[in-house]
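What follows is a pair of complexes built around subunit A, which joins subunit B in one and subunit C in the other.
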Partner chain A sequence: MDRFSKSSRWIALMGRNRAYGIFGLITLTVMVATAVSPSFLAPANVNDLLVQAAPIVIMACGVMVVILTAEIDISVGSMMGILAATLGVLTSPRHLDWPVPLAALAIMGLGAGMGAVNGVLVAFGKVPSIIVTLGMLTAFKGGTEFILEGGWITDLPEGLRFLGTGSILSIPISVGVALVVVGFTGWLLSRTSFGRRVYAVGSNQTAALYAGIPVRWVKLLTFTWSGFLVGVAVLVSAPQLSVIDSGFGTGYELLVVTCVVVGGVAISGGVGTVAGVVMATLLMTMISTVLIFLKLGENATYWSRSIQGCFILGAVLLDHWLRSQKRGWGRGES
Partner chain B sequence: MGEGGIVRSFRYWHEIVLLVLIGVVFAFAQMFEPRFLQLDVQRELSTHIWEIAILCLPMTLIIITAGIDLSVGGMMALCAVTLGMLFQRGLSPWVAATMGIGVATLCGVLNGLVVTRIRVHPLIVTLATMAAFRGAAEGLSLARPVSSFPEAFGWLGQGVWWGLPVPAWCFMGLLLLTASAVGLSRWGSYCYAVGMNPEACRFAAVPVNRVLLGLYAFSGFASGLAAVLFVARRNTAKADIGMGIELLVITAVVTGGVSIFGGRGNLLGMVLGVLLIHETREFVSWRWSRDELNFVVMGLLLILSVLLHRWLTPANRNTS
Partner chain C sequence: MKKRSGLGLILVGIALGVGCGGQPGGEGPEGAAPGTAGEDRKVTFYLVPKKKGLPYFSSCAEGARAAAAALGNVELIYDGPTDGSPEKQAAMIETFALKGADVIAVSPNDPDVVGPAMRKAREKGVHVITWDADGVADSREFFVNQATAQAIAYGMVDTMVRDLGGAEVSADVAIVTAYLTAANQNIWIEHMKERLASSASQLNLVAVKPSDEDQKLAFSVTQDLMKAYPAIKGFFGISSVSFPGAAEAVRQAGKTGEILVTGLATPNSMRSYVEDGTVKSVVLWNTAELGYLTVLVGEALATGTLSAGATEFDAGKLGKKKVEGDQVILGDIMVFTKETIGDFDF
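== the complex of A and B ==
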């Protein structure tokens, strides 16, 4: 029994759920930043941070479900762009001037539809998901510029701007939506048979097939879910800006995948929790802000991307170390 | 370059599909825009494709080993920034370029070490180093550009030698070297073997780690070379060089019939894939002068070529 000393139990806890480890890292970061400049924990700054993280968390919830089935979706960034452009064209008084609720429904439906196309090509067309979504990434990028015709849209209606900038009960709408999405995804993955099936497909696809799980439909649904959430993320993030241009969403696919992976979701599928992903997203969005608050001079902000990269490498190395600790115990489970 | 074992299926269907598609593009061009096919026009249009083609060489081999390298753009940035900063400190651009390529190669070695020693999926390793390298390049240079390189250095990117741009000669030299290494030495078969089954390779005493380390280092070297050509062509070294180029490179390689699951594909297919994507893009923007159509066509081509490949070859591997 002496093997299960306090420290090894702590290691086991961290190994089981990445969320604890990242939570520690976040606490450390917050403590250091607050020590240097106390205004880091000011409500306004915390609010900004959460608003910034909200769309990424929403999309990460979709992408993590896809990655749990051992597939990948890197089309989310471009899909965000094309949906934002469509949203702009639908609602702007100078273009189609649709009512906001109708346009919102259309965007979520369109997102789900685009995700479903990805899903059909992966599950029924048997094309590897990285290729399908890479192709869609490129195609959507062209589609965005096609819709915007090289220009941009500035006249977003007030009702739409409210979705992005408004708040209910002093909680920003985007943060509220993100909370709902996180809660629902957590419930979906841990409390429903669909969630069990997602993990089963990701752990061992052949076994899942033999166990009677409709693998193809599960995959189709995960891609549809991911596309739907991109639509939701667009609704709460695009109206924050006063201008929608073709650059919207560029590079988000890698940011989202980064958050999912740092959050402890195995790229080979079957392992990972929503809590870890949420923590990782908070950490990742914090980094650039923290650099400003640490008062290292303006040149420090240029290093933020580098630090993000080092965090990913750090998470990977930590995992490696934890796994080797476990092997020392002689426990074979993951 | 054989895989052996799958004799019953003809192995070059994908190359034939690509040739037919290229033929279709050329026939279309001949019908509607005959000037598009003239040699000097083609040479003009080809200026920017050579860097991508150079990056495709190591990427093809890495994807054949079931890996991937997303950090090529980051390594390019680090090389360009090294080049620029050393040049600014008064070094000759040639020495600075050599140092830049050296730095990029070291970055590749770092990728290779993490992939082989820690055995993390290369997708994650290079996702991390992509950000780390690019960030380091931005941090070191504070995102400021360096320009006004001497005329002689610009020749490397803009010059024409024996009727072809200098970068084209660089690509063809590197292609020849890579092709002979793959076709004539045992390292070529090692790449395929590692892609098919790394565990079996370890038991068969194939030096898996050395193969992978070499390939990622080669990727770093090629990124450095591409960055030097790019800097010479544009006459500026800046940290945002090659942003998003990894997706272009992977698109070209995969369109060329290299399987993302490893063990399948060849350099000939890759070259045809680059050619098809390049010609289609250029023709579309030549005829309709709308760049956005380009992306749509490229994305659909990628999916279509793999879908066609799936239909034409019997399902002998039940992945996906």
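== the complex of A and C ==
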């Protein structure tokens, strides 16, 4: 009896937050990868993994807040593309040659503005967010082509490249920025009245309205926040590469939404934590690296995507199982 | 009331989405009414790339425009899908045929998907040719081939062998490709493996990884491969997107000079890597000449100066080109190095 309740308590702890379940899966994955190839835990690899995850974490912090209000933002992939193209045109000496700080401000402002357009259409135009952001996904894509005019930006200034490749106190800039964004989003959601309103709107919109919460403004703000963070993510990720091409960000909307949902944020709104989303993003970015380190041979290339899918399903099923254990335990007590 | 305005906005959203997506059937700059026979009847020529917005295709189009200007009787319209979708490409070809095209030159994204539209256009009397990438044999009259797949693949392996120090040097190498389903790349990979296994090289291919035409993915895949296989001394980036991504990963890892990257891309995107030594050779063909030759071949078909069975084609300033069966061959690959890359700007 004693032993049983001890193990169920452990399961209950695991089940309380999806972050624990995913953390377990991450630990397992790291152990397997390190056993096969000890260099997996080398500082250089950990550093590369964090740099790779940083822009996705930043965008996921925006999209999760939108999903918490029971809306969705799938325009972020193309928004990334159009903002990266704009950033390139603004800073490249062959084009407008703006100073980098000014261009950076412009990109964050533009991102917030694009998010606000989404927000206005959803909150005040009463158009379903899936339709608004799907339309924007395509519109931004067209805009990117228009800005780049069939060319790529190949002459990014050094000052801009530093944002993507530089470090301060040996912390890569992108990772530092991601930490700040995660901390701020966590604080926003758990310690402020805005955060409580976000959860309230997502849990029960009608009740939130009756409680006097300005639902429309809350939604407008969440979309603006999401757009702003796309701008931030672009600033630290586009200059990682020497070329800005028209395909930048393609498909990231799906990746970001996957990270948010695997991280335990309910697509129906009202439930989810930043910790879960961060863990899920780390897991998602790790998978493809792990598959390379496992050296499964050339044929594995063809089914590596299936393995990625199984990982996602595995994480969600594990979480589901842990939750049901917790529920069972809770019933047993009462 | 509110509901109605909501519906209106939905429709606007959808229209926006559709309108900006494919831009199918974009009118040519002059919007000429093709097929209207005048005294100086022009050949209406549609040049269709795999994807509009890639500098590679834009530079081919430059050459095509030069050819149209030189010929004088060609109305050239350069248009294709902006997202590289074969379905959109097929729809556009059907539209062009309906609009009275005389010649449609296609670089098919997927021969099987685009093939039926090409055949349909042929039935309408349009001369259909392929360029850059081939289609199904009966869907086109000629294929304007930049260089044989074998020449491109062997060229990449041979430059890698040479740049690494010669045929007796043994080392691990890896390929970062576009999509696993990309027809061009897959044929090259076959020929590259053949060459790598021959006595011309002691190189050992340890991995072939897709980058899904995403530079960031090419970058991270290369990072991972370098760490997982520390003996790798060379990377092949065999698409214009995977090549700069792979080179950037090598440079950021501080392995410039230790690990070489070679592959296919336009010179501008690789210039800084060639200058700092991460890349010694960029392999490509003369893209402007490919566009030029394509327009000449199409025009010759439309005016009847070229027909099946020819063994040689007079390509004006490009000289005489070999015709092998139903392929007009532009020539050989071009290798850009530190010494020569300064002469090119595309």
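The rule is simple: the second predicted complex is superposed on the first by the 306 of 334 C-alpha atoms of A that agree within 3 Å, B and C clash if a C-alpha of one lies under 4 Å from a C-alpha of the other, contacts with A are read in each partner's own complex, and residues count from 1 in each chain.
Going forward, contacts are C-beta pairs under 8 Å (C-beta built on N, C-alpha and C of every residue); 3 or more make two chains touch, one makes a residue touch a chain.
Owing to the predicted nature of the structure, the values given are computational and were not obtained by experimental measurement.
In this superposed model built on subunit A, subunit B and subunit C take up the same space, so to speak, and clash. Judged by the touch definition given at the top, the superposed model places A:127 against both subunit B and subunit C.
In the superposition on chain A, contact of A:192 is made with neither subunit B nor subunit C. In the superposed model, A:48 lies in contact with subunit C only, and not with subunit B. By the touch criterion defined above, A:292 lies against subunit C but remains apart from subunit B after alignment on the C-alpha atoms of chain A. Look at A:254: by the touch rule set out above, it reaches subunit B but stays clear of subunit C. By the touch criterion defined above, A:302 reaches both subunit B and subunit C.
When the shared chain is aligned, subunit C comes close enough to touch A:154, but subunit B does not.
With both structures placed on the common chain, the touch criterion links A:138 to subunit B and to subunit C. Once the two complexes are overlaid on the shared chain, A:312 sits against subunit B while remaining clear of subunit C.
In summary, superposing the two complexes on chain A brings one listed stretch of subunit B into steric overlap with subunit C, and the stretch in question is 39-47; the others among 39-47, 57-65 or 219-227 show no clashing C-alpha atoms.
Of the residues of subunit A, those at positions 121, 125-128, 131-132, 134-139, 141-143, 145, 150, 251, 302 touch subunit B in one of the two structures and subunit C in the other.
For subunit A in complex with subunit C, the residues that touch the partner chain are 37, 39, 42, 44-45, 48, 52, 121, 125-128, 131-132, 134-139, 141-143, 145, 148, 150-152, 154, 165, 237, 240-243, 245-248, 250-251, 288-289, 292-293, 295, 298, 301-302.
Looking at the complex, you find that subunit B touches subunit A at residues 70, 114, 118, 120-121, 123-125, 127-136, 138-139, 142-143, 244, 247, 250-251, 254, 260-261, 290-303, 306-307, 310, 315, 319-320.
Those residues of subunit A that touch subunit B in the shared complex are 121-122, 125-132, 134-146, 150, 251, 254, 257-258, 261, 267-268, 299, 302-310, 312-313, 316-317, 319-320.
Only residues 2-3, 5-6, 9-10, 13-14, 16-21, 23, 52-55, 57-58, 82-83, 180, 207-210, 212-216, 219-221, 223-225, 227-230, 241, 244-245, 247-248, 252-253, 268-269, 271-273 of subunit C touch subunit A when the two sit together in their complex.
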